[in-house]
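Would you mind keeping the following structure in view while I ask a few things?
Just so it is clear, A, B, C and D label the chains in written order, and each chain counts residues from 1 on its own.
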Amino acid sequence: MRQAIGIWTLLLWSLCGTGRGEGRLNLFIWSEYIDPEVVAEFERQEDCRVVIDLYEDEAAMVAKLRSGGGGMYDVVVPPDHTVPGLRATGLIAPLRLENIPNLKNLRPKFRNPPFDPGNGYSVAYQWGTVGIYVRTSVVKAGASSWGVLFDPGLQPSKFALIDNPRDLIGAALNYRGHGLNSVDLGQLKEARDLIVAAKERCVGFDGSVGGKNKVLSRVADAAIVYSGEAARGMAEDPDTAFFIPKEGSQIWLDNLAVLAGAPHRDLAERFINFLLDPEIGARISNFTQCASPNLASTPFLKPDDLKNPVIYPPVEVMDRLEFLKDPGPRRKLYDELWTQIKTR
Amino acid sequence: MSTPAVELRAVSKRFGEVRAVSEVSLSVQKGEFFSLLGPSGCGKSTLLRMIAGLEWPDSGVVCLGSTEMHATPAHLRPVNTVFQSYALFPHMNVETNIAFGLRMKRVPRGVREDRVARAMETVRIVELAGRRPSELSGGQRQRVALARAIVNEPEVLLLDEPLGALDLQLRKQLQVELKSVQRKLGMTFIHVTHDQEEALVLSDRIGLMQAGRLVQVDSAERIYERPRSRFAARFLGACNLVDAVVRARGPGGLQVETSFGLMNAAAAPSLALGEGARCTLAIRPERVEWGLGIEGERGNQFSAVVEERSYTGPRTHIWVRSGAGRFQIALPSHAANRAALGIGEEVLWRVPPESVVILED
Amino acid sequence: MADCRTTAEQAEAGRHRCAVAIGAPAVLWLTVFFLIPLGMAAVASLLTAGGYGGIEPPVTAANYLRIAGQGTFGFAPVYPLILGRSLLLGLVTTVLCLAAGLPLAFWIARLPGMFKTIGLTLVVIPFWTNLLIRTYAWQILLSPEGWVTGVARWIGLVDPGAALYPGMFAVSLCMLCDFLPFMVLPLYVSVEKLDASLVEAAADLGANRWNVFRHAIVPQIRSGLAAGVTLVFLPATGQFVIPDLLGGGKTALLGNLIQQQFGPSMDWPFGSAIAMVTLAVVLLGLWVASLMGGKQGGAELL
Amino acid sequence: MKTRSGTLHGVSVALLGFLYLPIVVVIVYSFNATRHGVAWSGFTLEWYRALLGNDLVLAAVRNTLWLAGASTLISTVLGTLLGCGLDRFRPAGRRWCGRLLQLPMVMPDIVMAVALVILFSLVRRWTGWFQLGMGTMVLAHVTLEIPFVAIVVRSRLAGFDSSLAEAAQDLGASRFQVFWWITFPLILPGILVGALLAFTLSLDDFVLSFFTTGPGASTLPIFIYSSVKRGITPEVNALSAIVIAFSIVAIVILTLLQRRWLR
């Protein structure tokens, strides 16, 4: 009997030990997406500890939240098209905007976005685009099409696909001249077959960071990456380049949100406000090499970055870009399609 | 008569369909060396284990001293056992092995050490104190096992075939020592064995078991000289079993007819055999007299032809045919040699009536 | 003497109660955290995925139909293919491990004294080092500039600049490397006990080498064979990490399919259905192994 | 005959080499100065230095050891008790328990992982228990480890001479004393081997941890996996080399200890 009591005590104790301590902020964020110095500064300022977990694609993030519940983390960084879903499933909490006065620093066009009217649940963090990152000495100069990945004639011998359902399917849809958000069975099948064919020759599926590193390490000569990764990679290795295919591509906006069961909601909102500070916001963008939605940060951004077309695409490129949308109930189509792509 | 050390009343035990022990009643006196003797599988070890508390009887009463103990678990009974395999604890040295029982009873350290030392002296293993059981010979292990049991000064010491695993010479030597230890300590020993000679050498009394039943309890001498059943007669040493029919009852015994001829037997008065009743006679080979010296005597005298002889050292066994029956005679070898009995020769033999035992079955 | 009988029974019952009492916490634990979850998965496999994941009512066999190939996009035999591929890869791995494990087990068993311990330890060391690390190491070995690729290029098996991974070859090679100790150890235990005189007698009787192996050796090492095959085949069939790191998304097995459903695709009911199919494969495998190895079959490794 | 055993020697040594190839390559490349890729560009200890300064790695080490320690403790206690009790169950119970123990040992870990995820999320919805994190990881690991411990202890117990327990009982030891003084010391090597096996299983596990991990509960395998996924390899090489070195030292010590115990 004594043993039984001991065991149950141990069990309860281990159940309780899930890190609900005060002065701790649980942050769930993309890998290489925040300057460690910024985090350290927040820790100093609030005398707290920031515990960071990372993900490589938003589908995995949403899946983890679904299995772990809304009490797992305090702050997450969902991209635009996932916000409605997270809201509908009650995983993210409404923001108390009075705690986030720095919201005013955001550029007007990033406030009140269509996927979250009135910033009820999310505020913009970084934005960027999706494109192809290539090793210039291998991929013919002037290549400007998704065909670098999908056309056997244009493919380099080693290329990586992105391990992200919406990004990859969207790229294939764009290549075929369809909209990013198509829910047409025929178009989706077309995209699937295109990807499955490309998959036979690719060197694997990687997240954006992984794809960038594969190009840098010459395991691949082309990969789909986000603009921020590309800009950082190009700084490291001048033999690499980034372009947004002429068929059109995706523009994305990552957001900060507080989980519905967040153990430290006040701290979470203070953290969001902190990140929206003009100077801090600039430091983040200078680190991630993504575009900043923060108007007040502009003076603090590196001037070179502001002029960099990889980070801030010129207007004519912007015209070819489209936001992903939450497909609502049709998202099961994407899920099944992705399963077929990954397992075929 | 004082209270017996152990008393069993109608104790039975079955394992599944097998009756291991049935309806055994027995009492063993204080200070007695008692042996349970029987072939393997006769239930003697089970009986011993029930006294130790390692098995529970299905029915019956087990008393130790004057207390009924059949419901007391083994560790609370004032008995200790020497196991056939010795069961020495391999992770303890000799000294800790011996001290184990005292430690369990929380005997104070000083007393404990004293008693362990004395026990080791008693069985003469003082120099082995620091060794592990794996470093001991069979005989040494046996002594340790004995010391480990007697150190607790149990009221009854149970020995389950304690010498079974040793070779003959060592066995003989240890038999002597065992007996002397028992005499020195004055402890009650209950000893299980299948070796009739060992039982005879050691025991004050012997309980003979067959198929779960206690068939005869008697002193060593009586159980040898006066077996009550064919089983008892045959199990303890060689014996001639002769079928007979009662012809007449006399004051000193019975006159019976056998295949050799008429024979007189000194029967116990209690034996209720009428004329014409069939019975079996048991005659020990070494009780048979023969040859020149008996010629003048009358009765129980027969002639026979020597069929076979075999020399076994101190004795020579001779098989003779007498009438329709075959008969075994054991002679001291020197006597047999003197007689120079050859196969095929005719001899005379005689059984004293007091040496003819009439069996109950 | 009724009280005696009850004493004996009480003692027996007491012993049994004690055994149950000390065994109970573990059995309870396995029930709560193993059996009940499996039961829940079985139930979930008959339900429907919600719009944003989750498990929702209508009871349906659609998940199993989907495994059979009937999905939203019409008939596509993706899943039967994966099931087949998993079994095939499990089988290939098992055969490779057997082919490599038998000589190694015999070799170690015949080493003299001290060397035997060393040989065994040498097999055990990879067995105890992290599987993930060993798997990842093959990425290095098989990459375009890796050692193995270098050797292959030198022999002329691959073109310069090409890699041996990702793909089926990389996955099988790594599976062999990762699972070989699981085959060698149980085999060694059996081979060690092998009655050498029987083998010699068989050879004396003029049996050729295959016949000696088939009729004199195999019957004696059956339990080791069964244990080794079970320990390799079953986990290999459900592997998730190795195809994930070395398959480049081209060699999905049942394990990857399950991960897919509980990960990005968020279709728990479908994932549960695949888990149930995997479970069925495992149970079937155990049953076959118990037939193969007689009474001691199954996973008597240690 | 000679050539045949020569071939066997050759094949076996080659196979051992094959087994060690990945281990060697990781250790060698942990000293490679190249940041991206596997081309050799000089010797460096930089990655080891980087590891020591990496808080995520240190936290992962702490988590891994904590998880392995806690789950080993619980599973060793429970598994040992079950291993001791199992042979005294009624036959039917023994048969079913045998199956219950066998299944988790051979079942692909991912099936167990997702089943646990379902359990945790359902129970959490009703009661709020089972927040993913260290607690749930311990639960999952214990579930995996119990059968291994129980089976090791049971096999050790099978070689245990029951007359020793009887002798102790006969000498006045109560049931508990028999366990504590006789049974326990004699099966202790088995328990330790079981515990070590449990500890290694926990260190080795990736799949169960991956599915049941929560905020700040990343372990070394999870760290290694996500780093490999991201293509950041030099630190992983160094980390792996350290883990391998630890494993090898542990096994050698264990082998030596076991030889002494068995004597």
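The rule we apply is simple: a contact is a pair of C-beta atoms (placed from the backbone, for glycine too) under 8 Å apart; a residue touches a chain by one contact, two chains touch by 3 or more.
Because the structure is a prediction, the values reported are computed rather than measured.
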item	value
Minimum number of chain-to-chain contact steps, chain C to chain D	1
Furthest chain, CA centroid comparison against chain C	B
Geometric centre: closest chain by C-alpha means	D
Pair of chains joined by more contacts [C-beta pairs], B-D or A-C	A-C
Computed distance of Cα centres, chain C from chain A, in Å	36
Whole-Å gap separating chain B and chain D, where each centre is the average of the chain's CA atoms	58
Cα-centroid distance, chain A relative to chain B, in whole angstrom	92
Interface hub residues of chain B, defined as touching at least two other chains	73
Multi-partner residues of chain A (each touching 2 or more other chains)	3, 7, 66-67, 218-219
Residues of chain D whose C-beta touches two or more other chains	37-38, 78, 81, 117, 139, 211, 233
Residue ranges of chain D touching chain A (in the complex, touch as defined)	35-38, 56, 70, 73-74, 77-78, 81, 117, 120-121, 124-125, 128-136, 138-139, 211, 214-218, 226, 229-233
Residues of chain B touching chain D in the complex	52-54, 73-76, 79-81, 83, 85, 87-91, 100-101, 104-105, 148-149, 152
Residues of chain C defined as touching chain A within the complex	22, 24-25, 49, 51-54, 71-73, 76, 78-79, 81-82, 143-144, 161-163, 166, 248-250, 252, 256-257, 260-267, 270
Complex contact set, residues of chain D against chain C	8-9, 11-12, 15-16, 18-23, 25-26, 29, 37-39, 78-79, 81-82, 84-90, 93, 97, 100-112, 114-119, 122, 139-140, 142-143, 146-148, 150-152, 155, 175, 197, 200, 203-204, 206-207, 211, 220-221, 224-225, 228, 233, 236-237, 240, 243-244, 247-248, 250-252, 255, 259
Residue numbers on chain D that touch chain B, as the complex places them	161, 163-164, 166-174, 177, 181-182, 185-186
